[in-house]
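Chain lettering (A, B, C and D) follows the sequence in which the chains are written, and residue indices restart at 1 in each chain.
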Amino acid sequence: MPRIQVVPLLEIVRETPTTMTYRFRADLGGQPGQFLMVWIPRYDELPMALSYLGAVKGITVRDYGDATHALAAFTAGDRIGVRGPYGNVFRLEGQSVLAVGGGSGMASMIAAIEAFSQQGARVVTAAGAKNSEELLFVERANAAGEVHIATDDGSRGFHGFVPALADKLLARDTFQQVITCGPEKMMYAVVDLARKRGVPVQASLERYMKCGIGICDACALDDKLVCVDGSIFTGEELAESEDFGHFRRDKSGRRVPA
Amino acid sequence: MVDLRTEIAGVALRNPTMLASGFLDETGGSMGRVYQAGAGAVVTKSVGPQPREGYPNPTIVELDAGLLNAVGLPNPGVIEYEHEVKRAHAAGAVVIGSVFGKDAEEYAAVAAKMSTYGVKAIELNLSCPHAKGLGTEIAQDASAVRDFTRTVKDVVDVPVFPKLSPNVQDIATFAIAAEEGGADGIVAINTLKAMAITPELKMPSLANKYGGLSGPAIRSIGVRAVYDICDKVHIPVIGVGGIGSGRDALEYIMAGACAVQIGTAILSRGLGVFNEISKEMAFLLEEAGFHSVPEAIGVAHA
Amino acid sequence: MVDLRTEIAGVALRNPTMLASGFLDETGGSMGRVYQAGAGAVVTKSVGPQPREGYPNPTIVELDAGLLNAVGLPNPGVIEYEHEVKRAHAAGAVVIGSVFGKDAEEYAAVAAKMSTYGVKAIELNLSCPHAKGLGTEIAQDASAVRDFTRTVKDVVDVPVFPKLSPNVQDIATFAIAAEEGGADGIVAINTLKAMAITPELKMPSLANKYGGLSGPAIRSIGVRAVYDICDKVHIPVIGVGGIGSGRDALEYIMAGACAVQIGTAILSRGLGVFNEISKEMAFLLEEAGFHSVPEAIGVAHA
Amino acid sequence: MPRIQVVPLLEIVRETPTTMTYRFRADLGGQPGQFLMVWIPRYDELPMALSYLGAVKGITVRDYGDATHALAAFTAGDRIGVRGPYGNVFRLEGQSVLAVGGGSGMASMIAAIEAFSQQGARVVTAAGAKNSEELLFVERANAAGEVHIATDDGSRGFHGFVPALADKLLARDTFQQVITCGPEKMMYAVVDLARKRGVPVQASLERYMKCGIGICDACALDDKLVCVDGSIFTGEELAESEDFGHFRRDKSGRRVPA
């Protein structure tokens, strides 16, 4: 049996002006934080987090470059290929969790936010975006707990970057754990401030990927592989990293500024 | 206890398992980790003169009995790659540098540069089945194999191991040509020309359409290649293709290989595969009454 | 419902699955049974001018992902074989006669005789990888493929399908040569040169040492061969190699094959495999919006 | 994992002047009547019935041609390859069974004789051989039930062929089932007389084999395969056969007189 399943898209939901959710049935599991390799026929194969884990899976994709733009033109009934789930899982480690999401990073965290809340934890979400329209999964996070919002342009909530909002929340409240996903500079700030306050933190990293299964080295981060050792790393791991926040690998494997 | 040390053209290995080119060897961090996980040596990703992005995704497809890939020789270029070799060396690794180019001169230039990084040997990738103009055709012309090997030999001091393609009528002819060109050893085999189609999408599964097949599917093809080559040349042979257990490795050793390379099996067994295969080999060798790896080399020819 | 009928060079088939040469086709009783179990046609064991015992056992070894064999072309000779074809015909079978010989004249003589038995087409086994002097070398020389095909074409009235070896650099070259020789279709692929060693006994697993690899391991190699060939010739192609499901068969059809042959999968799925694969193909074709097999042929080239 | 297991011979027991039993441990099952393909390194690979089914398996081999002769020189510790078990099984179908064995045919039946007896059936064995020395497994059969003996030279028991002895036993006693293994002419006679008396009969046939797994057609019997449809056939199947008792296939596949 092939590892790739070709599935028709059942439903496509616009989440923000640049972000869509694609729903499909596939014969695969999936836990909070895991991702699929998604084949957009004739364009590319890309890693995408599972934003819905139930019987009808979902991925939530920002129209970013060529392939994701092509995907934005897909309609229900069109087919994509999926394989996975890959990567490790957000682990619940305390009774109160602060989830800090930036932009489409919320797509990787929303399943964890819901799962942690179902497991009885108190989950507070700090969701950031360029502007109010680009906020992702605020309702779902709200159903799972308290939500605080930051926008770069101040069009909703806190005016500024989400790490600053997170810092305020950490200052005034007690959290046993932080999880984060978003642009790497943002996560770098979040990991830094969580560590400074002694709160355990898990961050889901993004790197260019080819195989997704730990053989090609495309996703190398120091001596680790984001696809199999991650995509979620702990604050301790990241504190030791030379690459995190500073370098990534381009498609040729060159180490370039992140 | 069986002594697992072996030696190829003067390169001493703590055990006969090497990391095959193209697996977790684009970066020094990963190479160091693989070595520390138990590999006897690591072969670098095939590196060319310039940075190269490779093909678009999908580049790797898992099949029933192996892996189909058309990564298209992505690599950071030999200049940048110095950092990676350094990092691997810093982690203690024994590194063999794999190189490619568009002609003999480019091979030689890259090999010469690579050899200044302290690699223990140069592997010539003469056999990538899916990158046009880069090795493919070279490995299918025996006189080119001889000339390329000679040109590289002239500019480096470390041993040179041409890696041969199985996509030919008679691989032993190419091994003979490599030996004539001054090769210090032969690596066999690279992947087989192959293609998968995804019927549900009515199209090839790889963006590049064509790819190379590796893994269990090709083991018996590789064993035969090594057996044939060892009948015809006097230089050492390194066996590669579908090795996933100590028993598999011994098939190659008994066919005549001095050492083996492991790639696709990392997928099923993880990085522990090098250590585990070494242990399995030791166990089977002991059971068969051998005290060292060299004793078992080529015994299936008797 | 999808119409599974297909046609190759005028030979009508009730479905595109054929029995591959060398499987349950030394005797008419078995061929009849395979046809009745659902095959669209049966290809005979490759038959030569004289009875031939083949190699000593072990002749067949099961590997992880396929079968390794060196049966060595055992066959009762074309004269005696008339009874077998008759028996197969009595059971209603559509029979294609596979032949071999030591030179073009012998091929032609056996084919001429075979064609008098009422077979619907002649398959030329130009590709057995393990019987020296019998087809092996032939299939590795494109001009020989052309000449052999021409010589046989001159003496038979039924369509002639040369069967090609994958153990070459570029199989499409050989397909072109066959077309030039007047071939009415191409069969691809035969087994790959391979060897297994039994380390516990320090010797090759087959009595003949060398053998041919079939089964899932070679599917992607066969699909690529068919894809390449279909890019280069205008005659129909029959795909064979590792087909074990309707999905596998569709890979070949979409690569350009008009029909497929099935051998090794009999081992895992039994004689019901022909019927089951037909049903699976119909299901997948329907899902993909096709109404017949011909509509799907070659669509992966788009 | 390879299908062939290489096993050292643990013990070699001479059963008759021409027949030896080879014992070994192998990781395979095996039911009465099933066979293995036995690789005698450097000589041949041959089908051999399992004469012992327990943890320590056994095959019992007549020194017949080149390969079996070579095997006769093997000593404990030497290695053979085995794969299987293959073929179908002798089925118990009544309360009293007559087992008719000729020569080394007893090797294929002895496990059934013992198993049927253990399952509570009354098992009477008619064992035939050229002479008293060549009688095989008489003690084992005796421990499982009554044994009657026939020798061609009259050196022990009934003077004559075993089918004649079987006929006498069938005449004077009631059997619900006959099983038989031995030279084909002998089995032909046994099948014939059992059918004439209306007693169900199963016979284990021998044919030249290559694959043992139903793909090569070497073992064809009419439109059946001895390796997978047999080796055990019922009287009804054999009554319809054109080949049984008359034709076999030589190594080239030619149909030659049996």
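In this section, a contact is a pair of C-beta atoms (placed from the backbone, for glycine too) under 8 Å apart; a residue touches a chain by one contact, two chains touch by 3 or more.
Quantities reported herein were computed from a predicted structural model and do not represent experimental measurements.
When every chain is reduced to the mean of its CA atoms, the largest separation from chain C belongs to A. With centres set at the average Cα position, the gap from chain A to chain C is 51 Å. Separating the centre of chain C from that of chain D, both taken as means of CA atoms, is a distance of 36 Å. With centres taken as mean Cα positions, chain D sits 67 Å from chain A.
For chain A, the set of residues touching two or more other chains reads 2. Shown for chain B are the residues that touch two or more other chains, namely 63-64, 196, 200, 203, 247. Viewed as a network of touching protein chains, the structure reduces to a simple linear path. All chain pairs that touch, listed by label, are A-B, B-C, C-D. Looking at the complex, you find that chain D touches chain C at residues 1-4, 6, 37, 39, 41-46, 79, 81, 83, 210-211, 213-218, 220, 222-225, 249-255. Per the touch definition, chain C reaches chain B in the complex via residues 63-66, 68, 140, 167-169, 192-197, 199-200, 202-204, 209-211, 213, 216-221, 223-224, 227, 247, 250-251, 254-255, 284, 287-288, 296, 299-300, 302.
For chain B in complex with chain A, the touching residues are 22-27, 29-30, 32-33, 45, 51-54, 56-64, 67, 71, 74-77, 80, 83, 91, 196, 198, 200-201, 203, 205, 207, 263-264, 266-267, 270.
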